[in-house]
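The first chain written gets the first letter, and so on, giving A, B, C and D; residue counts start at 1 in each chain.
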Amino acid sequence: MNTIGASLRLTIFGSSHGPGVGCVLDGVPAGIEIDRDDIQREVDLRRPSGALGTPRAEEDRVELLAGVMEGVTTGAPVVLFIANRDTDSSKYERFRVVPRPGHADLTQMKKYGDSVDLRGGGQFSGRMTAPMVAAGAVAKEMLRTIGVQIAAYTQRLGSIEDEEDRTLREARRQARENPVRAADPEIALSMINEIMEAKLDGDSVGGVVRCLAVGLPIGVGEPFFDSLEGELAKMMFAIPGVKGIEFGAGFRAASMRGSEHNDSFLVKDGEIHTVTNNAGGVLGGLSNGMPLDLRVAFKPTASIPKEQRSIDLERMEDTTIKVEGRHDPCIVPRAVIVVEAAVALVLADLCLRGDFIA
Amino acid sequence: MNTIGASLRLTIFGSSHGPGVGCVLDGVPAGIEIDRDDIQREVDLRRPSGALGTPRAEEDRVELLAGVMEGVTTGAPVVLFIANRDTDSSKYERFRVVPRPGHADLTQMKKYGDSVDLRGGGQFSGRMTAPMVAAGAVAKEMLRTIGVQIAAYTQRLGSIEDEEDRTLREARRQARENPVRAADPEIALSMINEIMEAKLDGDSVGGVVRCLAVGLPIGVGEPFFDSLEGELAKMMFAIPGVKGIEFGAGFRAASMRGSEHNDSFLVKDGEIHTVTNNAGGVLGGLSNGMPLDLRVAFKPTASIPKEQRSIDLERMEDTTIKVEGRHDPCIVPRAVIVVEAAVALVLADLCLRGDFIA
Amino acid sequence: MNTIGASLRLTIFGSSHGPGVGCVLDGVPAGIEIDRDDIQREVDLRRPSGALGTPRAEEDRVELLAGVMEGVTTGAPVVLFIANRDTDSSKYERFRVVPRPGHADLTQMKKYGDSVDLRGGGQFSGRMTAPMVAAGAVAKEMLRTIGVQIAAYTQRLGSIEDEEDRTLREARRQARENPVRAADPEIALSMINEIMEAKLDGDSVGGVVRCLAVGLPIGVGEPFFDSLEGELAKMMFAIPGVKGIEFGAGFRAASMRGSEHNDSFLVKDGEIHTVTNNAGGVLGGLSNGMPLDLRVAFKPTASIPKEQRSIDLERMEDTTIKVEGRHDPCIVPRAVIVVEAAVALVLADLCLRGDFIA
Amino acid sequence: MNTIGASLRLTIFGSSHGPGVGCVLDGVPAGIEIDRDDIQREVDLRRPSGALGTPRAEEDRVELLAGVMEGVTTGAPVVLFIANRDTDSSKYERFRVVPRPGHADLTQMKKYGDSVDLRGGGQFSGRMTAPMVAAGAVAKEMLRTIGVQIAAYTQRLGSIEDEEDRTLREARRQARENPVRAADPEIALSMINEIMEAKLDGDSVGGVVRCLAVGLPIGVGEPFFDSLEGELAKMMFAIPGVKGIEFGAGFRAASMRGSEHNDSFLVKDGEIHTVTNNAGGVLGGLSNGMPLDLRVAFKPTASIPKEQRSIDLERMEDTTIKVEGRHDPCIVPRAVIVVEAAVALVLADLCLRGDFIA
């Protein structure tokens, strides 16, 4: 359903072209300081960046409907709402007849019948990630109280890959300074170029977001099914466009030998470390004290102006479609803050469950 | 916790060296025919294969403790139990002092304190997948009633990769005929060789399991968080050793353009198909009628006889460890049936939730 | 937490003196017709009735924030919001020092610390039942599609008891015609009198709400724990002031013999009935085809102007308190529609779970 | 479904005439001492008492299948199993044709079809409470670590009522000393007499169990829906035969005035108390530090040898039935330990959720 989490439960609601989008975040302890402006800043990072994004100009103003009194949480559910303003639903009726390749138009109609709201993707819209980011900002405040920090950046964008093993510090410092959220200014330029080229071709590109988290206590995650990796993966696939996730060495681990992949322990300054971090900070589904390290693959935006083959459902015959609407040639830069939020929400939930957050 | 699923709920219990391992499967409709021998056959596929696997010789006899009367489910929870027999716990106490690299010994002790059962990995043991396979056999029976078929095979094993785009039919026919569960006899030989070499070196190898499912109705999966991909991913990361999952083009999608990645629709014989299946059978988190196609990355077995660096927790100083126990040089072949079971359990749950199974 | 239900999940949010109160109702099938005015009418029935109720004058205007497009549900979560307007928080700070007898001021402060929102009872306020009633109106629409009808009425108010075995039809016809929601006009007058007398004394009275539901299919309820009675009871105790619930003969059954209590079956016009309904329509936790019949006991309003003994928490010494605010001398009449809503929400959830609603 | 609880999750399985009954208790912290003999002693208290009970002679031997290593919990799910031995299913096939009044035979067949297991009530059998009692014994151990004590006793049995306001100490001392679990030896004799008379008449009697708990910290319970009362009520209605529950003054509160019902606070020896306990230890759904006080109404046993009216489902005509099997003329004495277990399970769950148990 539209709820995720056990001790910190997020419920997402709304649709792209309805009155708005929002969420309920239940389980936030009383006494957490919440500044609406901080939440707004995070949500603003999800907004499209000039020429690189959709021309849909949403103000995305976050309203605090419940759970906060005088800037502090009360222990009751926190409710955040973002009104929709710049909606243009004129183009969506056609997709009931000619479904867009790479979109869920057809599957949604099969599942929900004619009452389904296809406008802007309805409840499958990328716009549903706006309240996720807002909720993630609250989760980050919760994590801050125990010293957990999270940072994501664009590691790959189409053919451009950042091959450096960036630290959280680098990611934090750089990624918010450029519109593609790259961890390096040079690479940022190449990535911007990659997007512009795709846009000129009426096409789109995909990419990979890498996310790091440090400061996690040891033992975050719950066996057998609510593992750190499992909970993160489930949350991540709720983000529209995600097609893969891996931790540490991930798919590369498949071609490694045990002696190469195992992260050896060592003692340094009286503390236990591992020499490498092929595990990505997770062993047996539990955090092991090393940085959490995950990578998320995004497919290229499905909506492209370029002509594509599709079908006419009324006549049951082949046809073509150009998806004209207002779409991003690449959603990866906007997804970086969404991945951060998703990670924050899962970590905060599991930290509550493991009593790491009081 | 140790429960997963909404309409079909699986609870796993037991530990590697306790009285046994088992599961409760709640939500199985009344009237499903369950043959203990069929379940046993699936569980037997998880057992180690001669020289390729651990010498631990478990009979793994499945007992039906509840939920089935005269070979038919009653609607009450189905309970399956597999007694442990060939346990040898002598070697595990040492890991409380010198934790094994790549294992959760240390993280478990931090989380649970001294009462934790480390013998054989305790509740983090790969042995917990035996009841998953047994439960998966029940889920497969449920799916059979609506015509869904599942088949997995070893696509990569260390440096050996099967680069063909196998069909479910090929996977089904071949994978159970060779001990590495490859979809091709030639490739099987190379993979066997790869394992034997690693074993000779006192080392281990990882690999990739690919799983296909056909016959799924359109619309399986629930927004926003209980997507087909999200639920599958969460279940998959419960399998010890999994470090990544991807659907369809997966991580390759990150470097594709939209026009290349989008699966165009076409009408063939009055039915809607897509030309390609880069989406892996999932759009918007819902099954789209094309074959479900996912890949799961397994790390190499962490327990290796080769000497590794570790630490002595009592003296807080560096030391080395050789993990002598009885371990598989590669768990991937045994994991193939586990991946199938995991997919079956998730699909059966989501099919119940979507009312595709009565 | 603040969520209840499995297939139909209600999440309540807000507080008495914050921006407003509202709810998310997830699991409503696509295609249900929702008229905002119908919801408003139900919510209006919860408002205080002139001299009998609190002078707090809330308009309680229901806004539909999500899940409905052109008067029909889309399958996405339905979100309802009711802004608070006439709040007066001036009197609540004192209760942090001198807690009100019969209220949760003290227990809330112990649980949540100083950040708790005590204004108007915060998230423990009776005002939280307003969104429950709104959600109940949606649940009633769902139940209407399968012919289920619900009606509640005030069966006891202080010393006045309605001893007749009213039918649903009687309850429906009468209870909305008088301010105390009695099923008989004569009894209504006595009940009004009872309230007025208590009010003159600066005191309050309790009462009993009886609720009937007809048209339920046989088999609604899920073993072992999600029984029809268990799910109804849990929901009912969320209504502030409820202290007891019973089904059919209820507590009277304790002094009956089996031969007297068992409802004998008989065939009438080719249909199976029972001669009596001591079971209250539930056998083995499942609906049995007879009318659902339950009674809910409400304690008298805790807030009374009359002087009561309390304590001064700062000085840790005895003191007295008069709770002046704006309170109902009896909440039972307003609770009648809340009980109806609670029953509707549980029945709709269980009907979805049992596939009685498509 | 067959699972209840959030942080402490109980899953019940088995059926009256299958291989056995059992449960999984997930969420038990590591390090709790569990003595199989202690659990056995509790389960033995549920067994029938000589002439007062059913002649079905079950040994009810509890087996620990998982979660305990060397007498201490490991943090993994605790699994308890009780094999069925003395089953006699010969008499149950007839109930498929002539359903027993007061039983769920007919409703079960409607819900599950012909595959349902009616033998001994199947999964609706009172026998399902045996694993509840076993699990309750584990929950009691958890509660003991924070000083919570629970005791229940038979307060009413048919026409015999114990009108004294017993303390937990009295209930504990007396109730296990007599076969009807009365808190007073004299009353016990009258209750025994009441049962024997009903038995001679081929009939049965109902009763009321009162349960007290002391030592609960303040603030146990979770708003809005997981209130202390709501969670207890839901669990209680899972016990076969329960038809009502009330807390403190309960239904009597309905005819009280606020000034009479409110429990005034007072300071005694520097601690806060209330003068009365009409709230039964719960305010706003949270424990308030006073003893938890609840009453549960049980209907008379439905299975009676006396002739009753029923119907022949094949001929769809009226008939009569005498339920000969092996049944208790009164289940209340056996239910006392079940109520205790149910209360323990809910309290342990809510104490975990509120971090009152580490």
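By our rule, a contact is a pair of C-beta atoms (placed from the backbone, for glycine too) under 8 Å apart; a residue touches a chain by one contact, two chains touch by 3 or more.
Since this is a predicted model, take the numbers as computed values, not measurements.
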| Between A-C and A-D, the pair with more C-beta contacts | A-C
| query | Of the other chains, whose C-alpha centre is the longest way from the centre of chain D? | reply | A
| note | Chain centres from averaged Cα atoms put chain A and chain B apart, in whole Å, by 26
| query | So what's the Cα centroid distance for chain A and chain D, whole Å? | reply | 46
| said: Just the number, please: Cα centre separation of chain A and chain C in whole Å. | reply: 39
| request: At least two other chains touched by the same residue of chain C: list those residues. | output: 1-3, 12, 76, 111, 123, 223
| field | Interface residues, chain A side, partner chain B - complex | value | 1-4, 12, 99, 101-104, 106-108, 110-111, 121, 123-124, 128, 156, 158-159, 198, 201, 203-208, 218-219, 222-227, 229-231, 233-238, 240, 242-251, 253-267, 270, 272, 274-275, 278-280, 283-289, 295, 297-304, 306, 308-311, 316-318, 354
| request: Enumerate the contact residues on chain A facing chain D in the complex. | output: 6, 76, 223, 355, 358
| task | Can you check the complex and tell me which residues of chain B touch chain D? | result | 1-3, 9, 11-15, 18-22, 24, 26-27, 30-31, 64-67, 69, 72-77, 79, 81, 111-117, 119, 122-123
